[in-house]
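One chain, chain A, links the two complexes that follow: it is found with chain B in the first and with chain C in the second.
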Partner chain A sequence: MTVTIKYFGLVAEAAEKFEEILELNGALTASELKTQCLNSLNIADKDSVQIAVNQNLDDKITLKDGDEVALLPPFAGG
Partner chain B sequence: MSRYDRQIKLQEVGLDGQVKLRNAKVLIVGVGGLGCPAAMYLAGAGVGKIGLMDHDMVDVSNLHRQVLFLESDVGRSKAVAAKQRLEKQNSDVQFSVYDEPLTVDNAENIIQQYDVVLDGTDNFETKYLINDACILANKPWVFASIYKNEGQLSVFNYKNGPTYRCVFPKSTRQNISCEATGVLGVLPGILGTLQAAEVLKIVLGAGEVLSGKLKLINMMQASEQTIKINKRHEEIEKIRKHGIAPVYIDCDLKDKEHWYLDVREVYEQPKPKGKKVLSIPMGDLTSRYQEIPNNQDVFVFCQSGKRSKNAIEILKNEFGFHNLKNVEGGIETIIDG
Partner chain C sequence: MDKRKPKKVFVQGAIPPEKIATSVANHQSKTDIGAHSIFLGQIRADEVDGKTVTAIDYTAYEEMAEKVFHEIREATFVKFDITCAHVYHSLGKVNVGELCLFVFTSSAHRRIAIEATNFLVEEIKAKVPVFGKEIFEDETHQWKVNK
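The block that comes next holds the complex of A and B.
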């Protein structure tokens, strides 16, 4: 199955893209996908990054084909 | 009332709405890139009382985005300069100046005196502080934050709705400011204006308030999306039960061999840990210079490298220190992680 991942802020910067389509093997929760994605990226504080699935903040949900996932780091600037 | 005629004509405002605006009290915490445009539109709309809180001074590098300030304001208190400018814009409005940081000790008491808080801050410590104090004082707050070309916007604690801790339960050390990353002035202009719009809707009781939703805006990509937020009851209950949970952002230095001197104010973050880190704010240097070792290299730092340079000049010229080295890029260049 495939999911679309959207990256924001310093996660997008580390991934060097705003969006990509990933092919997943087997059932993954949103939280597992987040760990998998962030492990390959150089981000100092991975715990602070939140995950939304189909525009809903939720890390426990099991992903299904066609889901849109967003990785959201907090921003501090003002 | 002719100055408000164009908004009174709107069904969502009317004469009743204008009275609501006149009776409204809005606190703006941080009169910077977000706070400046927000303050101008709220003053323009005739909000009766506006609190302007900022402990910072106007710097020449603020002028491209902090649209309230003039070249002649450089070096002046932001809160005071903002008040003087806004009074010329609308003399109906009563402005209160808070030329001090929001702290665990003053937050609840100050916020209690307002109906809505608008967050114009640039650090996580103050965002969590506003959040917790608003939970305790039972006030809504309008949040916005920026990273480079992107912004986040939401209304928290509105009619018992989700709070900042429901989105980001854990704080992060990565306090990355606009000074560090760069920003085009229009982005805080857009976000600050959207914050003012949310405040107006809250006061008027009109339209759809951005509560329970996090809006994400990418100005460069001309894209936006809205994420639904659910309440994390346990996070809110913790604050109700135990009070404000202060966020102190500490960190490690890459180099633990040498002495470091932190000349920033005590509330500035992150705070490096270690036995060889001295913290002496600029104002205390002349009374505490004896604490600084003078027989080995000491690296002096602040947020950006500017104040530490001045500190070294003072310590060299007045007290004969020749062993001080400036950390040019500020704290972010010497911390680990």
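The block that comes next holds the complex of A and C.
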């Protein structure tokens, strides 16, 4: 199955891309995907990165084919 | 229950000060209003390790941000007896001294409007996926984190 993963802010900067489509083998939770993605990136505070699945913050959910996943660094609105 | 349509929150670049005056003028025909409360966020020239911030470049997970802005606005109407609530936030580059956030609520009485504005601002800062790149005068940058 495939998911679209979007990167923002300092995560996009570290990944050197804004979006990619990932092929996943077997069932994976959002939290597991987040760990996999962040492992290879040079980010000082990985715990501060949140994951959204289909625009909802939820790292417990098991990913499904076609999900849109986003890795979100700390919010800085206002 | 959810009768209000989502409103467009994001504006490209700085929010012009004239927009505040126009918004107030647009509410003068609503005579059940007795109080407006306005919050304006302005870009501050922070100094970090001897370098000064000259601008913030805002980006957002726009689809999610618009959804969260709408949810926060709905929650504000449930929690407070307000007549109106408006929120505008910048995207892209906003220079020091310019406005990046405009929150505007109206009510019959002052306390409710003030509390509603405060609630909106705190919720926006905590929950909306907006990211800010603080740009220094030498073109280097750091990523802003809300406290």
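List of remarks:
What we mean here is this: the second predicted complex is superposed on the first by the 74 of 78 C-alpha atoms of A that agree within 3 Å, B and C clash if a C-alpha of one lies under 4 Å from a C-alpha of the other, contacts with A are read in each partner's own complex, and residues count from 1 in each chain.
Everything below uses one rule, namely that a contact is a pair of C-beta atoms (placed from the backbone, for glycine too) under 8 Å apart; a residue touches a chain by one contact, two chains touch by 3 or more.
This one's a predicted model, so the numbers in the text were calculated from it and none came from an experiment.
Contacts of A:A44 after superposition: chain B is touched, whereas chain C is not reached. Judged by the touch definition given at the top, the superposed model places A:A70 against both chain B and chain C. Measured by the number of chain A residues touched, the leading partner among chain B and chain C is B.
When the two complexes are superposed on chain A, the residues of chain A that touch both chain B and chain C are 6, 8-10, 48, 52, 55, 70, 72-78. Listed in rising order, the residues of chain B touching chain A in the complex are 30, 32-35, 119-124, 127, 144-148, 150-152, 167-168, 170-178, 181, 183, 188, 214, 216, 218, 221, 225-230, 337.
Interface of chain A with chain C (complex): residues 6, 8-10, 48, 52, 55, 70, 72-78. Looking at the complex, you find that chain A touches chain B at residues 6, 8-10, 13, 18, 44-45, 47-48, 50, 52, 55-58, 70, 72-78.
Against chain A, the residues of chain C that register as touching in their complex are 41, 58-61, 63-64, 67, 89, 100-101, 121, 124-133, 143-146.
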